[in-house]
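After this come two complexes, each holding chain A, first together with chain B and then together with chain C.
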Partner chain A sequence: MGNLALEVRYALRERVVIASLVLAFAMASYAVITGKLEVDEQRSEISTLVRETESDQDHVLGQQPDAGGAAYYVHHVTYQPPSALAFAALGSRGELPWQHRVRMLALEGQIYETDAGNPALSRLGRLDFAFLTSVLLPLILILLLYDLDGRERRDGRYELLSATSASKGSPFFVKAGARTLLLFAASATPFAVMAAFVSAPLGPSLVVAAVVALHLCFWLVICRLVAVRFTQASSSATVLLAGWLLFSMAVPAAARIVVESSVPVPAGGELLLAQREAVNDAWDLPKADTMEPFVASHPEWRDHAEVTQPFEWKWYYAFQQMGDEFVASESAQLRAGITRRDNLMGVAALLSPPLATERWLTRLAATDRAHHQRYIQCVRGFHAALREFHYPMLFGASEYSPEKMAGLPKYQPCDE
Partner chain B sequence: MNSSPPKPVLTAESLTVDRGGHQVLSGVEFSIAQGEIFALLGGNGAGKSTTLLTFLGFVTPTSGVARVNGQSVHEDIKAIHKQVAYLPEAANLYPHLNARENLDYFLSLAKADNSRARIDSALDMVGLAASARDRRLEAYSKGMRQKVGIALAILRDAPILLLDEPTSGLDPVAIDEFNSLVVALAGEGTTVLMVTHDVYGACQVARHIGLLQKGQMVGDFRASAGNPISADEVHRKFTESHL
Partner chain C sequence: MMDKAAVVRIAREEWRFWLRSRTAVAAAAVVFILVITSLVSTAIRIETEREARLQLQAIAEETFRSQPARHPHRMIHYGHYVFRAPAPLATADPGVDPYTGTVMFLEGHKQNSATFSPRYTQADAGPYAFLSPALTYQLLVPLLLIVVGFACLARERETRTDQLVFTMAVNPGSFWLGKSLALAALAFATLVPLGFVAGNAWLQGENGWIALTFWLGYAVYLLCWVFLITACSVWSKRASTSLLALLACWMVLNVLLPRIASSAADAWAPLAGKVQSDLEIARELRDVGDGHNANDPSFAKLRAQLLAQYDVSSVEELPINFRGVVAEAAEEELTETLNRFADRRFDQELAQAELANAFSLLSPYLALKSFSITTASTNIGQHHLFLRSAEALRFSFVQSLNKVHAEVLTYADDVNRSVDQQSEQRTRVDAHHWRVLEDFDWEPASVSDRLSGSLPFFGMLLMWALAASILGWIGTSRGAWSQDG
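What follows is the complex of A and B.
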């Protein structure tokens, strides 16, 4: 420990160390600040949406003469609120929709409609703290460590250092450890400050720091192994850069290709089209073709399912729901496929510490695939509650009155 | 006074060393007693630095053994390093640090006393100007750097000194100061193995001189009671062996 403090003190006298630390600190500050701005913007977008949707609802509901119109014209906003730590790892919030405006119509299509493009997506080049620490930070560490022994050898200090050091371990390991510690401090400090600023929970914040530290330790060990084998600075740099490419680029890319080709997943767009077709076809079919299968799966409406008019709202909503049921198995496959792919990427992360780091950080920030899937399930739950609320009035089991609309379900985020 | 011969501290037992596919030491033998100054002379590439590195455990002999206090160097290198202060051939300390910081760093590394007073008294001893002590070593002359290296070796307070060309780059006054310093340390019981090109300087301080040529010991000179080793004799042998 004494030697580590000594090495830290004297490492801070080296220009290349200072420059690297300043660089890491600046990048980490940029990452957490832009991450925070992005998250703030998403939050304000959510509250605007909620506000607008509510006033829209008030406006629309006052004008509806019947239950069908009340269900039809009202939009509902659903959203996945960013966690306190989302600023550190934007993850799914940078690539997948985190809000959906939904109506009482067939739901699956509404979920996958926005897959094609969300206006709020990828506004920033994704230099978030997770990317910085999983991909860029190792490069800076390599820069600091690749020539640690080589330079001492060239300058004729290697033997003097080894012969002078009174501690058991190699003095170069302590030197490398000190530089790693400094780099950790330089990059974790902006994170810690921001986490405190946004009052992020202490436990998960500490785990974020621990994950970053662990990742740097992995690269410390790699750098030491290479430095011991390759005494030439140029060959150790080459080997380390190759290792960096392998772990942070090649392994994740290859894993993605293997996983995606071995776990086929139906496309959200296809699901949307299949559902639209099913819904459109229903208009031209005899009413019984919709109502019979509908009461078969929802027997509670059997006594209210008779359709006598050319257009009745209950028939309309029944075929909307049948549209969802028509693609239910594809939708389940899609969900299972996404989960399976995600799990397999988790296995691949065992071979790539940078990938593992990124996955841990998005998980702690609740911006990973699993949290996104949970949000989509939350939307489904909310939509089911809407049906449960509207159906008695639509099927005539209870009387419609505008006052009853005060009890309209309001979306509540499910987790966090 | 104890009349039994002082115990050997450093012994080379038919040391043979290969480096880069060439035999650079061939059966080198010598023994240095406690408090003795042994000077190792020889032309460029004779194997002098290699001999020191072998005693430090950085070079492994293909046969033979280097012993410190009877213990083979390679048995426990760390234990050897604790007893030895080493001055490398080109005493390159850190150029971006000043003299005091360099000494503070290396002494802390050695877990030795690194107090400012102690460091300053060693720098006084080697004659490094007080005005230079807070300047970075990159602004030093070769001799000034050498003085800091010597100060470090002294400050280690080690019972054994392995010095590789300690006087190279020093001016005549500094060489004289260094010589008396080494003699004084040996008088206190420090054992010194010193590599040098300076035949006359070696004869002034050393009671025992080895002459190395192409990895072989070709001369062994000892001072007799009251008489120092004759520099002319050593010089003649040196020149002869190079013919």
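What follows is the complex of A and C.
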């Protein structure tokens, strides 16, 4: 340990080391601060949405004379609040919708609506803590370590150093370890401060720090392996860069192509077209064509399913639901396909530590695909609850009254 | 004095040196393989998507036009789908394509969002899982140039071979120029595949000047790197210092700054979400009146106007269907509001993009990225153009149907259709009316817009190339050589 402390002191005397540490610290601070600003922005947006939706609902409900109108005109807002650690890994929140405005119509026509960030910025990506640790820190570490042996060789101190070293292993391993440790401290400190500031849960925060440390350890080992094998500094730099390219770009890109071609998903456009036909065809078909299959899958409404007028609300909502059920299997295939792709990508990430790091961090921050899927499920659950609430009044099993609408389900984010 | 023959000779000797170096050859081979792979895989992906989307577009149009007789307002809610086909040069630079929705539902009273962006169904494969040809040229080719060229001058100084060259009446300026020429030749060699892509886009109907400018932009960008590399090599005493400086440059300019730019733009000029705008719209529309309800007090003025115009005393006596007139008027007023909010969103997105673009001054990588998507017409402006064209189509078919509603149906039937089967049958208008739907074709931005839009970024790239070359030139007299004495 004494050796390590000594090496840390030596390292801190070098300009390159100081510059790298300052850069890493500055970037990490920038990343967590802009991440926090973004999360704050999203939280305030959610509270605005909830407030505005309530006032909108109050306004709309006051005007509705019947159950059908109340169900038709009232909109609800659903959302996925950012987790406490979201500031560290914004993940899919810029690209996939985390808020929806839904109503009692067929859900398949609404759930794919996309309220996402600015594509012009998504294209550039964000500098969040996850990007910093998965992509940039390895690069900085490579710059710090590639020349460690080469320089001593060039200056003619290599043999002397190796011969006089007190430790059993290579003196360079301790040297490299000291630099890695410093880099870890410089980048993890801003994260730790921000995590404490937003009172993020301790356990997951520690796991984040551990993931970062593990990732740096991986690159420390790679750097040492290469440095021992290639005596020339420039060759070792080239090889390390190639390694960085391989792990950060080539493996993920190749894995993505393999995963996507082996797990096909239904085309979204086709699903939407099919869903619309199913819903709209009902207008031109005899009412029985809608109501019979409807009571077959929802026998609880058998006694209330008779339709006599050219237009009745219960028939209207029945064919909305039948439209959803018509594409239910494609929709389920789509979700299963997305989940399967992501799971396979998780396996492929074993071959790419940078990707594994990024995926771990987004998972801990609840901003990964799996959490997005869970949010979508949550919206589906809420929509089902809406149907359950409205159907008795629509089918005439109970009388509509404005007072009853006080019991209208309110969206609650599902527990993570 | 510049000795042309000497410059060429130096360049040729540098190439000979590289061809003997295993690292250089291996690095070049790897980058070439990556470039070709990304070219082929992106072309296949974009072409498959283009075909699929065009096919779905044709199906959607055919389906709409072949609907049976119906109440015209039903068709407004039946709606229509439009699909966004990628621009020809998207095979070289997909730009915002992966992040923007590909299909959009058009219906009355509402502007929906474009859904199913390619990202929707993709697994999380990290930030660099899409190696588009553009990205390989922007990110990887400079890295190849660095690895091959970082030592081109510093190496000669370390081994003192430079003095040998200088004794042969070659001055440091020619020496530097020769090395730059060698590296530039390598850069142009890497640009050959991109030339094929640009040429292919031209054959596919892209404007020839656009294709050429696109390629030229990448050439100037790589020239920036050539001069940055030789300048660094001139100023550095040791090859290892040069490598360290260049890699740090590459990391800051190509990996770090773009992301700082986007985070900064987002923090400085936040964007109002679509759901939030929809709620604001709903609040504002409370005063517009519901177009489904002809008795809505908001339409009292319209009613009085029509009654006076046709000199009748009740809406029942009007020769046109009052409900249809109301629907048309309401849609127009509503669309005005919707467009105002849509414009606000476009403005906000453009403002953010411009803030991020401002960082182009600091990074040739960012300048090229903006140049590339503007020329290829895969930028955010192009996406807005798609959204605007879709909105124009929506408004046109909705209003045409509202006109049918007003002129073909009778008010009495329209009022009674929910309770009377015969009225309901009479309100179903003939299917030939569905032919009002126009084909959806939206064009890329005009050639002059694309060229003039990309000009500032092209200028920035030229400035960078010029600045780097001046830096290198000064280095030949004031850099490490002058310190050697």
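The rule we apply is simple: the second predicted complex is superposed on the first by the 403 of 416 C-alpha atoms of A that agree within 3 Å, B and C clash if a C-alpha of one lies under 4 Å from a C-alpha of the other, contacts with A are read in each partner's own complex, and residues count from 1 in each chain.
Criterion: contacts are C-beta pairs under 8 Å (C-beta built on N, C-alpha and C of every residue); 3 or more make two chains touch, one makes a residue touch a chain.
Only a predicted model underlies this, so the values are computations on that prediction, with no experimental measurement involved.
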Chain A superposed: clash or fit between chain B and chain C? fit
Should A:88 be classified as contacting the first partner (chain B), the second (chain C), both, or neither? neither
Could you say whether A:10 touches chain B, chain C, both of them, or neither, answering first, second, both or neither? first
Report the partner of chain A that touches more of its residues: chain B or chain C. C
Once the shared chain is lined up, is A:163 touching chain B (first), chain C (second), both, or neither of them? first
Taking the superposition as given, does A:178 touch the first partner, chain B, the second, chain C, both, or neither? neither
For the overlaid structures, how many degrees, to the nearest 10, lie between chain B and chain C at the C-alpha centre of chain A? 90
Now for A:270: first (chain B), second (chain C), both, or neither, which partner does it touch? second
Partner chain in contact with A:155 - chain B first, chain C second, else both or neither: first
Once chain A of both complexes is superposed, is A:235 in touch with chain B (first), chain C (second), both, or neither? second
Between chain B (first) and chain C (second), which does A:291 come into contact with in this model arrangement: first, second, both, or neither? neither
After superposing the two complexes, the shortest C-alpha distance between chain B and chain C, in Å, is 15
In the complex with chain B, residue positions of chain A that touch it: 2-3, 6, 10, 13-15, 155-157, 159-168, 171
Mind listing the chain C positions that touch chain A in their complex? 23, 27, 30, 34, 41, 52-53, 56, 59-60, 63, 68, 70, 74, 77-79, 81, 83, 95-96, 98-103, 105, 112-117, 119-131, 140, 143, 147, 150-151, 239-240, 243-244, 247-248, 251, 255-256, 258-267, 270-271, 273-276, 278-280, 282-283, 286, 348-349, 352-353, 356, 369, 373, 379-380, 383, 417-421, 424
Where on chain B is chain A touching in the complex? 53, 56, 58, 78, 81-82, 84, 86, 88-94, 96-97, 101, 105-106, 108-112, 156
Of all residues in chain A, which touch chain C in the complex? 16, 27, 30-31, 34, 37-38, 41, 45, 48-49, 52-53, 55-56, 59, 75, 77, 91-92, 95-96, 99-101, 109, 112-128, 131, 134-136, 139-140, 142-143, 147, 150-151, 233-235, 237-238, 241-242, 245, 248-250, 252-253, 255-257, 259-260, 265, 267-270, 272-273, 276-277, 280, 283-284, 309-311, 334, 337-338, 341-342, 344-345, 348, 352, 354-355, 358-359, 362, 368-369
